[in-house]
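Here the structure is laid out as structure tokens; the discussion comes afterwards.
We call the chains A, B, C, D, E, F, G and H, going by the order they appear; numbering starts again at 1 in every chain.
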Amino acid sequence: MQIIVNSKPIEVAVNCTISALVEQLNLDIKRIAIEYNREILSPEQFHTTIMNDNDCIEIVNFVGGG
Amino acid sequence: MDELIIAGRSFRSRLMVGTGKFSSNAQMAATIAASGGEIVTVALRRVNVGDQQDDLLNHIDRSKYLLLPNTSGARDAEEAVRLARLARAAGCDPWIKLEVTPDPYYLLPDPIETLKAAEILVKEGFIVLPYINADPVLAKHLQEVGVATVMPLGAPIGTNKGLRTRDNIAIIIEQAIVPVVVDAGLGAPSHAAEAMELGADAVMVNTAMAVAGNTEMMAAAFGKAVEAGRMAYLAGLGKEQKQAVASSPLTGFLRDEK
Amino acid sequence: MDELIIAGRSFRSRLMVGTGKFSSNAQMAATIAASGGEIVTVALRRVNVGDQQDDLLNHIDRSKYLLLPNTSGARDAEEAVRLARLARAAGCDPWIKLEVTPDPYYLLPDPIETLKAAEILVKEGFIVLPYINADPVLAKHLQEVGVATVMPLGAPIGTNKGLRTRDNIAIIIEQAIVPVVVDAGLGAPSHAAEAMELGADAVMVNTAMAVAGNTEMMAAAFGKAVEAGRMAYLAGLGKEQKQAVASSPLTGFLRDEK
Amino acid sequence: MDELIIAGRSFRSRLMVGTGKFSSNAQMAATIAASGGEIVTVALRRVNVGDQQDDLLNHIDRSKYLLLPNTSGARDAEEAVRLARLARAAGCDPWIKLEVTPDPYYLLPDPIETLKAAEILVKEGFIVLPYINADPVLAKHLQEVGVATVMPLGAPIGTNKGLRTRDNIAIIIEQAIVPVVVDAGLGAPSHAAEAMELGADAVMVNTAMAVAGNTEMMAAAFGKAVEAGRMAYLAGLGKEQKQAVASSPLTGFLRDEK
Amino acid sequence: MDELIIAGRSFRSRLMVGTGKFSSNAQMAATIAASGGEIVTVALRRVNVGDQQDDLLNHIDRSKYLLLPNTSGARDAEEAVRLARLARAAGCDPWIKLEVTPDPYYLLPDPIETLKAAEILVKEGFIVLPYINADPVLAKHLQEVGVATVMPLGAPIGTNKGLRTRDNIAIIIEQAIVPVVVDAGLGAPSHAAEAMELGADAVMVNTAMAVAGNTEMMAAAFGKAVEAGRMAYLAGLGKEQKQAVASSPLTGFLRDEK
Amino acid sequence: MQIIVNSKPIEVAVNCTISALVEQLNLDIKRIAIEYNREILSPEQFHTTIMNDNDCIEIVNFVGGG
Amino acid sequence: MQIIVNSKPIEVAVNCTISALVEQLNLDIKRIAIEYNREILSPEQFHTTIMNDNDCIEIVNFVGGG
Amino acid sequence: MQIIVNSKPIEVAVNCTISALVEQLNLDIKRIAIEYNREILSPEQFHTTIMNDNDCIEIVNFVGGG
């Protein structure tokens, strides 16, 4: 199925969890924050949140800024 | 000891440092170390999926530095609140440098939306440090809703123009019940010293360090200048005089005095 | 190492300190120690016969400090030369801070008489450090007759107004072949830092320290500010920008980029 | 012809004049006449029952001048709206100089309450001229709700400090879709000329005229300075140059050219 | 009537105008007419043999304007004296704007050579108007040798930077016994007004007019600004205030007074 | 009966109108604005508005201001 | 014979006067000043001054200046 | 006999030397400079210089200055 991550379409497995997505994208779970359909998830929710087709995911991390 | 206290937390340094615009994370880390700063700002952006970079946070020792995420990029209160919440979700302490800048050219802060966002974030338990134009009445409103500092700008961000808003900042300082941090536009250590001499509690610098020929030396220079300005403020500066006042004695010359 | 070299002699500090207007010799001594300065100015006056005071020199360790006598009180070249010779006869090294100030109200230096005295004193073997208004062409003439530095004023002495002559001083620095020492009018550490950032080789301060509420702390503040300004000059300052330049990234926002 | 147009009404003069602080109504009338101004501000206060004074309005010919009542004294939007309505009820055109100044010491305007009041008054059909701190984003918000001008301050009212907010005002002018009138703090004709040269559409002056030794001559001086600044703006000013540029030819000297 | 008197000759205008850098003689003539000036400066150069141009003097009505030749190009006193004598031989009144500028980059005046030339020229019967850096003691020396005015610079020629030497010029004015004419660097009418408000007797402008988009309009703007500044000086300007002072009454509000 | 004008008590006749008050106070009707119990009155309402005991009246006029 | 005018050599007739030179160069006598071998001449001297070979002449006029 | 020290008359013994004067005035020889009738003396000359009536002596020392 297809979801939208940071405005771009990505193919993931059906019933994919947020955790699985993070792993698939090769991200460090301790350095990111995630919005799932505009709801902010706590890290504990990553395992339990199963995505559906066309879900919208925002993944952010810290960068240099003033 | 003369410490900066924000929301009950003490800091020895009165210089906040930004982490933007450095050519590498290593350079950034060396620069903030040289500055002596203890509060470092960071921004929140979408991860670059598929382009694994060296993570900024690998270079900031969070036992030494307070990480202060900003809401840069937010164009209204709603976007700022969303960013603040994400920053907290990413594992930060609930400190937030609140920036709401709808105008893409001068990146000046929005007084209305900043106040609105501050009110929401304070209620959600955030320690809010709002970036504002140097407007004393706005500063008062923000203090009334419970912000932890006010951060008036000296000049538009990145311009290196110095304390162009000096008169308004002096009034903000005089009336403040929270620390006043002069943010943006300070392009030289003398600008930082001037802000501290005026009575600011701290200053925030990023661009002037990041664009310097030698970023570490510039950071150390800012560190010293902030200390110099603070000490001068505490030591009590003399007033401007219209007419000259001799520093050598005006008697005992080699001639008969009249 | 970044040393100040005047007439072949090296100094670690770029802050010259005056000894006038202190409430006691002890306070003076503590203040110059706190400043880190290595060159201290003194004036020459008639002894007060019958009133034996504690001699100033008892409080200045001449193995640590270069004693730099000035010719304050001189109203023309002749008086200045006389004072310089007396200072040497009193046991000083032949260094002289040349001041010729005919006007008793603003104590501004006389370009004509200063040049005349400088020429005589250089020929007599003095190391001459002339105090001048910020006149680039005069500074050139003085360098042609062999002075060791030029010491343009930032503002009239004792006024604390800061670098009011900034544009002329920038030209003097650009054209100088000897160290440029900004003297007089620097009322706050930020002023000293600004002069150093502009490229001055050193600054001279007296009044701003002596009239401070806490003279030692103010002296230390000036010491740090001079270092800060010098480091910033060496590190390379950024230019003023007309428009804002973001310090946080301008991409990666939580919205679709256009 | 180069006219100032506010809310569709044309004015030949770009100088607005206040009527406060004059020693007599006759002096006030002579001064506004000398200024050439066509818009004069007035305040609304409780009548002094039992003390019949010479009414101000007897001295202002309303066929020549647009009477512009202000909301001075208002500490929040509600008080300002009340005063605006009263001014209209007293027979004024529905023009209002909106001032909301909660702080009694510096009399600085409140951005939040000013915007709130502006929105209400525009909906009630008023021509709203809000007095604001020099905040470009606030100026934009006000224009979005339909104000007829924005009136940023040059410095706190009555201080005569001039265009201390120059950088922010330049941005307001650049982004404005309504006339920008610099109000408050202009203490000398040169300040007024500077504001006009920067591109302001008009300026507002009261204190500097009222406290002058000769109020009429000062008013005429401001009138000329505003014209001078406007003409210079239209004529196109040269840029600042770092280095000198000769005004006499650099060839044809009485020597062989190299 | 408020006239400018130099060496016994009266002028209604306090604006001197230079004739350099115009694109044509016709433009020059129209511009000086628009300025209202009565004293116009010219330079002396070798004739261009074989290239018969339209002579400048054909365009300046000498019954209306005093032609004031300058010694531009002179690098020392001798060259300046030679040029002054040639100007007189060419049929000019013995008025001379004395300029000695050895430095080709910043074109700053030489205090030593200027004084030397002034002394010679005064003895030869010239009315001498020397261009100087803003050095009050030099100004005194020149007055002692008999110059008719002193012409301190506001900023290096052609830079348009304005009154950068303000503090020194204020002292020159305070101590002067001849008219003080601020020359060079005045880039905008507001600069000219500021000089006049400070008490200068006149100002001299060339570059700012010649490089304007519309030279005639700019000249008229300077004319008005000089009048405005002069009138403000005569009318008596108010002092700067640290704190705000209301222009509207502080009583009679719509609430119970405390 | 007593009314409050600009925070001060004033005695007026029973059934006194605003117009009568203005006349009693010797004010120029063309130069003032009046709030009656916090309601702004138009000049036409001055004749028709009859006051009651303890009514609050604000009367303002223009003065010099900046 | 040859003289030097404003640093450039010019051919003139033998016994040429300054006046003749001015005429030859087509200059307006009322608008110039002349140095003859570093001596400034008054206009009256133009007629009476006869030049010699290699004489140095400076001729100046007014131009725009500030 | 009487001499003038720093513009003030002082009585000293006949044939008094500069050294003796310094001693009489209780000054520290290492901290002063002396002009004897407008001539600056070196310390070595203090012993050998014998003063005459009405001689003019200037004695200076260092004080605080900027």
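A few points about this structure:
Here is the rule we go by: a residue touches a chain if its C-beta (ideal position, glycine included) is under 8 Å from a C-beta of that chain, and two chains touch if they have at least 3 such contacts.
Note that the structure is a prediction, hence the values are computed from the model and not measured.
With steps allowed only between chains in touch, the distance from chain C over to chain D comes to 2. Looking at chain D and chain H, the chains that touch each of them are B. Taking the mean of C-alpha positions as each chain's centre, the chain lying farthest from the centre of chain D is H.
Distance from the chain E centre to the chain H centre is 55 Å, each centre being the mean of its Cα atoms.
Inter-chain spacing, taken between the CA centroids of chain E and chain F, is 62 Å. Work out the mean CA point of chain B and of chain E, and you get 45 Å between them.
Between chain A and chain B the centroid-to-centroid distance comes to 33 Å (mean Cα coordinates, whole Å).
Residue positions of chain A with contacts to 2 or more other chains are 58, 60, 63-66.
Of all residues in chain B, those touching 2 or more other chains are 18, 20-21, 43, 45-46, 70, 72, 82, 106, 108, 156-157, 161, 206-207, 246-249, 252, 254, listed in ascending order. By the contact rule set out at the top, the touching chain pairs are A-B, A-C, B-C, B-D, B-H, C-E, C-H, D-E, D-F, D-G, E-F, E-G.
Across the complex, chain D is touched by residues 5-6, 8, 10, 25-28, 30-35, 40-43, 58-66 of chain F. Every residue of chain D that touches chain B in the complex is listed here, in rising order: 102-103, 106, 108-112, 115, 133, 135-138, 140-141, 155-156, 161, 164-168, 171, 175.
Across the complex, chain C is touched by residues 18, 20-21, 43, 45-46, 48, 70, 72-73, 79, 82-83, 105-108, 156-161, 187-191, 193-194, 197, 206-208, 210-215, 217-218, 220-225, 227-229, 231-232, 234-249, 251-254 of chain B. Listed in rising order, the residues of chain E touching chain G in the complex are 18-22, 25, 28, 41-47, 49-50, 52, 55-57, 67, 69-70, 72, 82, 85-87, 89-91, 157, 184, 204, 206-207. Residue ranges on chain A touching chain C, taken from their complex, read 7, 58, 60, 63-66.
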